[in-house]
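In the two complexes that follow, chain A is the common piece, with chain B as its partner first and chain C second.
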Partner chain A sequence: MLALQLTITGLQTGALYALTAVGFSLIFGSTRIFHFAHGATFIIAAYLFYFMDISGYGLFLGIVAATAGAIAFGLLLNRFVYVPIQRDEGSFFTVFVASFGIGIVVENVVGMIFGRGFVTIQTPLSFSTEVMDGLFIAPLSWISILCAAAFFGILWCFLKFSHMGMSLRALADNPELVRVFGLNPRFISACAFTIGSILVVPAAIISGATSGLNPAMGHHVMLISLAATIVGGIGSVTGTLLAGLVLGLAESLALLYVDSQWTEAVTFAILFLFIMLRPSGLLGRSAAH
Partner chain B sequence: MEAYLLNLVILISIYSILASTLNFIMGYAGIYSLAHAVFFGVGAYAGTYAAMHVNASIFISLPVAMVAGAVLSLILALPALRVRGEYFVAASLGLQVLAVTIFSEWKSVTGGIGGLVGIPPVNVAGLDIFKPGQFVFLTLAALVIVLIIINRLVHSSFGRSLRAIRDSESAAAAFGKNVPLIKTISVVISAALAAVAGVMYASYLSFINVESFKLDTSVLIMAMVIIGGTGTQAGPIVGAALLLLLPSLISYLDFLPQTEIGAIQQIIYGLGMALLMIYRPGGIIGRKKHSSAGKE
Partner chain C sequence: MKKIRNLLATLSVAACAFAFGSGSAAAQDHTIGALFPLSGPNAVYGDVFMSGSDLAVEHINADKMLSGPLSIAYEDSQGKPQPAVVGMTKLVNVTHVPYVLSAFTGVSKAISTLAMRNEVVAVNGGGVGPDLASLGKYFWNVIPLVNLEVRAAMPYLVKEKGIKRVVLIYIDDPFGNSILDELKSTLDKAGGELVDTLSVPVTAQQFSGIAAKVRAAKPDAVYIASYGAQQIQIVKQLRDNGVSQQFITYSGYLVPDALALPESEGLIATGQGVNYKSDDPVTKRFVTDYEAKYKRAPTAYNVNYYNAVLIYGILAHALEAEGKEVTGANLLAKREEMKSFNLVGGTVSFQSNGTLLFPIQVKVVKNGKTEVLTTVSF
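What follows is the complex of A and B.
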C-alpha cells in the first residue's frame, strides 16, 4: 500500500516537474537559449499567486496575475537580455551567465519582499482523504495530473497543427531555413518564451499549495528542468515530459529505501547515469557535442 | 580597524585562491563548474579531520586535503570528459546539491549541520599560527604559490593545449592532443588547489559547517571569476576583492536596509553579471567585446 501511495505522490510530483521542464525544454530546444532564469519565472508566478491569495483577490485573479507575470518576465528577459547578447555573439556561456545573474536578482528581491522562509498557499484542496484502506489522496493530486494532461494535450495540438507550432519546430531544426522562408525568428522566439513561461504557472501554483515555496527553490526547479531536458533528450518535448514523470516517480519511490533528504541525490544519480551512458537522452537525436 | 582590515585581506586571499583555481578550468579549459564550493568544502573537512585526529602540522593537513580534493574531483572530471556546455552545468549543479546533502549527513566526519568546532590552529614547523597578523602572511603566501603554479601551467605547453581544447576540441584532438587526459589533469589540479583554500579557511575560523560550502558559495566564486574577467590572471583576484568589499561598501550607505546586506550584495552581483554579459563579456579585466571564454 505504501508503494501505491508513493506512486501516486510520485505521479503528482512528476506531472509538475514535467510541466516546468517542458517549458524550459521548449525554449531551449527551439531558440537554443540556455534560459537558466526559468527557475526565476517559477518563483515569480508562484509568489504573485501567493500575494493575490493572501490579499484576498481570489483564485481567478491570482491565476491571471501569475500568468501575466510569468509571460512578462519571459518576454522582457528575452527582449532586453538575450536579444542584445545574441546580436554580438551569443555563445552558450554568455547567455547562461546573464540568465543566471537575473535569477540571483529575482531570488533576492523576492526574498526581501516576502521573507526567506517557507510559505504555503492555503487551500482545502490539499487535505488528503482516505480513498482506500491506508491510501491517502488529496484532490490536488488529481488536479495536478489532469492539469498536466490538459496542458500537454493543448501543447501537442498546437505544435502539431498550428502555423506557429510548426514554425517553432522549424526553428528548432534549422533557423537559417526559417529566415529564408520569410518568417521572423525573433517573433517565433518570443512565442517560445510566452508558451514556455505559461507552462510554468500551473506547476508553480500547485507546488505552492502542496510543498510550499521559498525564494531559493529556483535552483531546485532548474536542476529538475535541466535533468528532465537532458534525460529526455534535448529538443524532444515528449522525451522531457516522460523524463519529468520518471524523475518525480523515482524521487517518490526512493523513499521506500532512503530518507527524504536524499531525494535530490536520486535525481542527480539518474542525470549522471544518462550523461555518462546515453548523453543523447531517451528520445534525443543528436549527441552532446 | 586593523583587525578588520586583516580579516578582509585574509578572506580576499582565500577567495582569490578559489576564484583563480575555478578560472583555471573555466577560462582555460572551458569547463563551467557550479561545484567549486564542493572542493573548498572537501579541503576544509579533510584538512580539519587530519588536524584534529592526526596532527595539526600544515605539512600533514595540507597534503591530506589536496589528495582528498584531487581524488574527489575525478567525479567531476568524468562527466566533463563526455560532455560540455549545458550538459556539464547540469552535472556540476547536481554534484553540488549532492555534496551539500553528504556534508550535512555524514556526521562522524563533518559534524552534520552543526559543523566542527575547536579546529586547532595550523602549525608551521612547530609554530602555531592563529593571530590574524601572522595568519595573513600564511594565506598571502598560499595565494602567491597557487598563482605561480597556475601561471606556470598556463604558459606551458599544457596551458596551450588547454586553450586549444577550449576553442575547438576536435581540432585539438586532430592535432594529436590527448584531450581526456589533459581535461582530467586540469580538473584535478584545480580541485587540489581549491582544497588549499579550504584548509586555510577552516584553521582561520576554527569552525566550519555546511553553510560555507553551499551552492551560494559556488555561485559567488563563479561571479568573482566572471565579473573580474574569465581567462585572465588578474581578473579573479579583482573579482574576489570587489565582491568581498561590497558588503562593507553597502554598510556605508545608510539609506539601504542594513539587515538585507547579504541580499543587496547578491542583487548587485547578479545585475553585474547580466550587464557585463550584455556590454562587456570579457569581464572588467578582459578585453572589450571579445569572447575570451565560451567559444563553442
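What follows is the complex of A and C.
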C-alpha cells in the first residue's frame, strides 16, 4: 500500500513539475532564451491568485488574474529585456544574467508587498481522504494529474496542427528559414512566452494550495524545470513532460529504498546519469551529426 | 587692522579645535553588527529578530545610556553559513564592530571562529542547537538551547499525555542532527520510543511522501525539527495528507506565520518562559512599547534580541564610565565581572559557558495563540 501511495503522490508531484518545466522548455526550445525568470512567473501567478483568494474575488477571477499576470510578465520581459539584449547581439550569458536579476527583483518586490513569510491558499480540496485502507488521496491530486493531461493534450494539438504551432517548431529548428518564409520570429517568440507562461499557472495555483508559498521558492521551481528540460531533451516538449513525471515519481518512490534525505539527490542523480549516458535527453535530438 | 584679523583667525581656529576636540571626547558613535536572514525562505525570522533589536536601540538612545548614538549594521545571512561568514568578515574587518548579533545554529557555528580570532563578541538569540554552548568565550547565548526544550517536553508528554511512540522529522543540518541525538536519549529515559526518523534536505518542499512514511509508522506523535518556511510546509502537508497524530515541535515554530496556519491548531511547542506581566520596569517598558510600536504581542525572539542589545548597552555604559575602550575583549571581561543583568524577564546570570538560563514552557496552539501547559525550570 505504501508503494501505491507513493506512486500516486509521485504522479501528483510529477504533474506539477511537468507543467512548470514544459513552459520553460517550450520557451527555451523555440527562442534559445535561457528564461531563468520562469520561476518568477510562477511566483507572480501564485501570489496573484493568493491575493484574489484572500480578497474574496473567487476562483474564476483568481485564475484570470494569475493567467493575465503571468502572460503580461512573460511578454514584457521578452519585449523590454530579452529583445533589446538580442538586438545588440548580447550573448547567451548576458540574457541569463539579466533573467536571473529579474528573478531576484521579483522575489524582493513580492516580499515587500506580501511579506517574506509563508502563505498558503486555503481550500478543502487539499485535504486527503482515505479511499482504501492506508491510501489517502486529496482531490487536488486528481486535479493536478487531469490538469496536466488536459494542458498537454491541448498543447500537443496546438503544436501539431495549428499554423502558429508549426511556426514555433520551425523557429526552434531554423530561425533563419523562418525569416525566409516571411514569418516574424519576434511575434513567434512572443507566442512562445505567452504559452510558456500560461502553462506555469495551474502548477503555481495548485502548489500554493498543497505546499504553500514564499517569495523565495522560484529558485527551486527553476531548478526542477532545468533538470526536467535536460533529462527530457532540450526543445522536446513531450520529453520534458515525461521527464517531469519521471522526476516526481523517482523523488517519491525513492522513499521505499533510500533514507528520506536522499530523495532530492535522486533527482540530480538521474540528471547526472542522463548527462553522462544520454546527453541529448529522453527524446531530444543529438546536436552532433 | 592686520593684528585684529590675525587675532580673530587664531580665535576661530582655537574655537573650532575646542568644539571638535570636546565633541569627539564626549560623543562616541556606537555600531554593533547583526547577521540576520533578510532574504530567502528564512526571511520571516529576520523581521521578527529586528523588531526586538531595533526597539532596544531606540530605548538605549532615548535614555542616553551611551556617550553617542547606538546603531546596528545589518548583514543578510539568509540563514546560511556561507553568506553569514561573508557578512561577518565585513562586519569585523570593514565596519569594525566589537559585538555581533547572530541567529541560526549553522550560521552561529560558522561565524564563531571569526569571532574568537578577532576578539569580537557574538551573541545568539535565535539558534538553539546544543553545540552553541561550547563555541568559546566570545560566543554567548541569550536563549535556552534546544536540548533543554526536549528535556522539558518529552517527559511531560510521555507521562501526562501518554505519548510513547514518536516519529522525528528533522532537517538534515547540524541543528536537526542535534535534536535527533537529544530526542533519542530523552525518550529512552522517559519511557518512550523513537519509532522512525525521517531527515529532510534543507531545500525540500514536498512532504506528501514523508506523510505516507509517517502514517505507516503509526506513531502517537510526530516531532518536527526544522525551521523557516519548511517547518510550516511540513505541518501543512502532513495534516493535508492524513497524518492526524499530535505534532510536537520547538521554539522555532513560535512565529506569527506558523501560528496563523489553521493546521497548527493543537500543536504542542516548547519555548523559553518569559513573564510578560512582570512588574519589573525593564519588562514593563519593553512590553508596552513593543505592543505600541508593532501592534502585536511580543514573542521570545523579540525578547532575546532586545536583551542582546541591552546587554551591550549595559556593558558599554560600564566600560565608558571607567574610561575604557569598548572592545570585544573588554566587553567579555566586563560581562564576567558583572554577575547579573536586569533584562526583560527579570534578573538573569550567564552560566560559565556563556548561556543564559530561562525556564522552559510547554505550550499548545489554540486559535492562533499559545497557552502554557506547564513550566519546567532547570
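Things to note:
Assume the second predicted complex is superposed on the first by the 278 of 289 C-alpha atoms of A that agree within 3 Å, B and C clash if a C-alpha of one lies under 4 Å from a C-alpha of the other, contacts with A are read in each partner's own complex, and residues count from 1 in each chain.
In this text, a residue touches a chain if its C-beta (ideal position, glycine included) is under 8 Å from a C-beta of that chain, and two chains touch if they have at least 3 such contacts.
From a predicted model like this one, the values you see are computed outputs, not experimental measurements.
After superposition onto chain A, partners chain B and chain C are found to clash with each other.
Within the superposed three-chain model, A:Gly111 lies in touch with chain B and with chain C [touch as defined at top]. Legend: residue contacts after superposition of the two complexes on their common chain; A:Phe34 is shown touching chain B, with no touch to chain C.
Contacts of A:Ser211 after superposition on the shared chain: chain C is touched, whereas chain B is not. Of the two partner chains placed around the shared chain by superposition, chain B is the only one that A:Val81 touches, whereas chain C remains out of contact.
In the superposition on chain A, A:Ser252 makes contact with chain C only, not with chain B.
By the touch criterion defined above, A:Thr120 reaches chain C but does not reach chain B. Contacts of A:Ala150 after superposition: neither chain B nor chain C is touched.
Once the two complexes are overlaid on the shared chain, A:Gln261 sits against chain B and chain C alike. Residues 107-108, 111, 220, 261, 264-265 of chain A contact both chain B in one complex and chain C in the other. Looking at the complex, you find that chain A touches chain B at residues 28, 34, 81, 84-85, 88-89, 91-105, 107-109, 111-112, 219-220, 222-223, 226-227, 230, 234, 261-262, 264-265, 267-268, 271-272, 275-276, 279, 288-289. If you check the complex, the residues on chain A that touch chain C are 2, 5-6, 9-10, 12-13, 107-108, 111, 115-120, 122, 126-130, 134, 136, 138, 210-212, 214-217, 220, 251-252, 255, 259-261, 263-265. By the touch criterion given at the top, residues 39-41, 43-44, 46-47, 172, 198-201, 203-213, 215-216, 229, 232-233, 236-237, 239-242, 255-258, 261-262 of chain C touch chain A in their complex. Those residues of chain B that touch chain A in the complex are listed here as 32, 78-79, 82-87, 89-91, 93-95, 97-98, 101, 104-105, 169, 215, 219, 223, 226, 260, 263-264, 266-267, 269-274, 276-278, 281, 289, 291, 293-296.
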